[in-house]
Every structure is written in structure tokens, then in C-alpha cells.
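Notes follow once the structure below has been shown.
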Amino acid sequence: MPFIDLAAAVVFAITGALVASRKEMDFLGFLWLGAITGVGGGTVRDLLLGLPVFWVIDPTPIALCLIAAGVVHFTAHLIASRYRLLLWLDAIGMALVTVVGAAKATDAGAGALVAIVMGVVTASVGGIIRDLLGQEPSIILRREIYVTASAVGATLSVAAQSLVLSQPAAMVFGAVIAFTIRSLAISLDWALPVYRPRRGRDPDAL
Amino acid sequence: MPFIDLAAAVVFAITGALVASRKEMDFLGFLWLGAITGVGGGTVRDLLLGLPVFWVIDPTPIALCLIAAGVVHFTAHLIASRYRLLLWLDAIGMALVTVVGAAKATDAGAGALVAIVMGVVTASVGGIIRDLLGQEPSIILRREIYVTASAVGATLSVAAQSLVLSQPAAMVFGAVIAFTIRSLAISLDWALPVYRPRRGRDPDAL
Amino acid sequence: MPFIDLAAAVVFAITGALVASRKEMDFLGFLWLGAITGVGGGTVRDLLLGLPVFWVIDPTPIALCLIAAGVVHFTAHLIASRYRLLLWLDAIGMALVTVVGAAKATDAGAGALVAIVMGVVTASVGGIIRDLLGQEPSIILRREIYVTASAVGATLSVAAQSLVLSQPAAMVFGAVIAFTIRSLAISLDWALPVYRPRRGRDPDAL
């Protein structure tokens, strides 16, 4: 499991570094954005749960994220042309950290709802910070069934564990569901219906 | 008091979900923005004070925020037409969490200045994150006497408690002041004078 | 050392208040942006390390940041015309908090990589939040060798301490290096080469 966990952080870090390349940042910008995208979600999860931050205890994840982001600085043109591959890797990473994040919350004594929230936080906060710092529309502004896939996977993983399955089996189940939903969204350009304000009515900015 | 506290979180969550509706986000976007607006300020306050995060211990606040945001997804056109009502509810919420936040800091052993800062943080950080993620001008960029009302209320509440009043009386006093200032600002379109750079001088971006 | 530490926070707070002045914020906006720029980096460092937040224990830093930001509200035109001076003070502040941040991490038992990261976090997170809230391009988007100077200084300070020097000597060494690199960048308009995507290839937004 630790290997898979690290792989997910590295994939996230690569997506962060690719945003840095689109924004033509310098080398340190790649490292910053790669590291915060790779470990940001898990960091916020640990802070919320009152646990020691995982990469402060063992710096392997942040070391690998920094290395990955640094490599992207010199090879971004190669990676960008493999954009579809990265999208799929990112979907795998999202599915994995969702169930790992939820399981970590459960192990820390959190109830079902908090565990689901922590799964979603782990999967999406890194990307949200990446998009804020890179001045791109955030994954919660775009409609591409990313957070939704994570939320459904986290919910089913937590429900399965509390109802019938062992934790490992429930995690595999939830991850497969999250990945399947995200895959279908990527393949079929799925999007949730969005709220559209009725015309002739323009609520003021709050 | 817990009831009032929850009501304030729900009102904040509704303001977050209304930003999601203006940005035409999908259902999960409503939940994300509603939840982070509802519990964001108190979360940052608890982290800064080194206390367990309130909704991780008892998930009632985040559950209610998620429900409220989900309901807004299907009813935003009704709520938007009641925009003035929401503005007033938000003013009440701001006044309440300001003094609750300051009191929580005092109870945790913080001094007067830190308690005041925590009151303002509780009242405004949720809205600041909401506006960042929704790509709207932040409440600290707009001039509508929101943070100011919270700061004055927090200051008077803390001062009253350390000088003369019992904590509950000081909290009521501070909340009434904060709400009154904010009410006048809403009713009379009050705004603080802003700093205007002198013409003929254009300081470079730092 | 505490005096120097406070001086750095105040200089950062002034840069935050100057952004508030450019954005024509009101008085409370100055205080908010000044305080978060002044103490933001150290706050995130302390949270990540699991230490009590420094200004919650002793509110002197946040008090001075608020005072400095308030003074800037009334004198921003004077300070803006001394923009070059401020740029140099900010470079000194960056160099100091970099090595202080790294040393605090080392003292808390962190390894070399985490200590370096904490030095950079202390020096740059305040400015990053300032630019996010002020809707300005972040220091990691601009190419002005700010984060780079901090990273090199932190690395050399940590390396020197683990190899040969006493902690105070290593801190002076790292701070001088960080300040020197930043000074040269300011004086000579240095910038790191940036990644430029090859033409004829337009990777989609991730």
C-alpha cells in the first residue's frame, strides 16, 4: 500500500508541474506547484484529523514529488504529448488516495461522514490549490465528474466497510467504483447537470 | 448556544451554495463550496488554537452544511429571490460566530488580542475561501463593512468580559454591536473610506 | 534573534499593506492583509510541524504586524515612494525567516529535507497568500528569483549545520547566501530560464 500511495502523490505532482509548465514558471515554481499538488490533500487531511503530517514524519513522499516535478521541468514537452496517459494515471491516483484517505480517518476514530469527507479532501485539495496558484479554473468550477467520482467511491468504501466487507476489500471496492466513474466521465465526456439560473432574474452578488 | 452556532454555519453554507449557483457548478461543487464556507472559519480557528477541529469531533455542523447546500442546488432560484433576507441572516451569523469564536479562544487560554483575531477569523475565513474558490472579489477586497463589524464586535466583547461583564453578557453585547454595525452598513450602503493613491505616482507592483 | 524575527514579520506586513493600498481596500483590509502576510508563513510552518502557532503563544508578532499595517494605511504614499528600500528590507526579511524557519524545524526533530522545505514555506507562504487575496500574480508565477534564493539559502544553511558549522554560524551563512542571491536578482534583474512549450503543440488544460 505505501508504494501505491507514493505513486499517487507522484502522479499528482506531475499534474502540478504541468500546470507550472503551461504558466511558464521557473524551476522553483515547478517544485512548489509539484510538491503542493502531490502532498497538499493528505496534508490538510492530517491537520484536520489532528495527526502528524505524513511527509513531515517520513519525507519520502515530498522527496519523490520534488524529483518528479524537477524532471518535468526538463521533459514537459514529452509528458504533455502523453496527456491522455496522464489523465488516466491521475484517475487511478484519485481513486487510490480517496480510499486511503477515508481509511486513515476511520483508523483515527472518525465516523462515516467525516471519513467520506477526508477521502474527498485527500483526493481534491491538492488539485484545488494547484489551480488556485496556477490561476486556472478550479476542479470544483469545471464540470468533469472528478470530485463526484471521489465522493461516490469514498461513500461506498466507507459503507461497505461498516456493513459487510473487511477494510482492504472495502477499499478495493471503493477505488474501483471511483476509478470506473472517472473513466466513464473521461471516455464519454460526462458531466453532471449544472444549476442554471432562470432568465429574467439576476440575483445581486452576495 | 450550540443551536445558534449550527444555524450560523448553515447560513454561511447557503451563501457558499449561492456562489456555486452563480458559477453554475455541479452538485458536488455546491456541497464543496457550501461545506467549506460553513465550517471553514471555525476550522482555521481550531487549527490555530491547537484544538481538535469541531466538526471532526461531532459531524453535525458539516452534515447540516452539506444538506443545506444540497437543498440550495434544487431551490437556488427561490433563495436568490430572497436575497435581502439572506443578507440579514448572514449578518446575524457573522455576529454570532464572531463572539463564539472569541469566547472559544478565551476559554482555551488565549489573551485579548488573540481572542479578537480568532473572532474575526471565525467570521470571515469561510467567506474568504468561498470567494477565492468561486473566483469572486473577496470580502476583504469589497468595501462593505463586514470584517470591520466583526472586528469591532469581537473587540468590545473581549473588552467587556475582561472589564465588567460575565462571559454570556459580554457575548450578547459584542454580538449586538457587530450586528448593529453590519445592519447599518447594509441599510445605508455604508463603506469605510479607502486608501486612494495620489495621482501622478504609480508605485510598481511589489 | 527574536528582535530580528519580529522585524522580518513587520517588513512582510508592510508589503501586504502596500498590496492593500494598491487594491484600495479599507482599513480592515489593510490589517487583514498585513497580518496574514506577516505571520502566514510561520503559521503554516508551525501547523505542519505540529508546534503551537508562534503568535498564539506570544501575540507580539501579530500586534506589531497590525500596527505596521495600520500605519501604512495612513502613510502608504510615503512608503510607496520608498519602494526600492522596501524591496531590500523584504530581501533581508526573506533571508532571515528562511534560516529561522529551517532551524525551528531542525530543533523540532525534522530531517534535512523537511527543514529546507520549512525554511522556504516560512519565507514564501505569507507572500503567496497576500498575492492570492490581493488578486495579484503570485511570487511563484513571477520570475524574480525569490523562492529560489530562499531555497538555496535554506539548503546551504541546513547542509552547513549538519556538516561543519554550529547552528548560529550555519544560519548566518545561509542567510547571507539567500540575501546575496536575492540582491543580485534585484540589482541585475536576474530571472531563471523558464519552461517554454514548443510551438505547434498546445496541450489541453488538465
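The first chain written gets the first letter, and so on, giving A, B and C; residue counts start at 1 in each chain.
One rule holds in what follows: a residue touches a chain if its C-beta (ideal position, glycine included) is under 8 Å from a C-beta of that chain, and two chains touch if they have at least 3 such contacts.
What you are looking at is a predicted structure, and each value in this text was computed from that prediction instead of being measured.
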item	value
Chain copies touching (chain B, chain C) - same or different residues, decided at half shared	different
Turn needed to bring chain A onto chain C - CA fit, degrees, nearest 5	120
Separation of mean Cα positions, chain C and chain B [Å, integer]	28
Junction residues of chain C - those touching two or more other chains	47, 132
Chain A residues touching chain C - in the complex, by the definition given at the top	15, 18-33, 35, 43, 47, 52-53, 55-56, 59, 62-63, 73, 76-77, 80-81, 83, 86-87, 90, 132-136
Complex contacts: residues of chain B adjacent to chain C	47-50, 110-111, 113-114, 117, 120, 124, 128, 132, 137-138, 140-141, 143, 145, 147-148, 151, 191-198, 201, 203-206
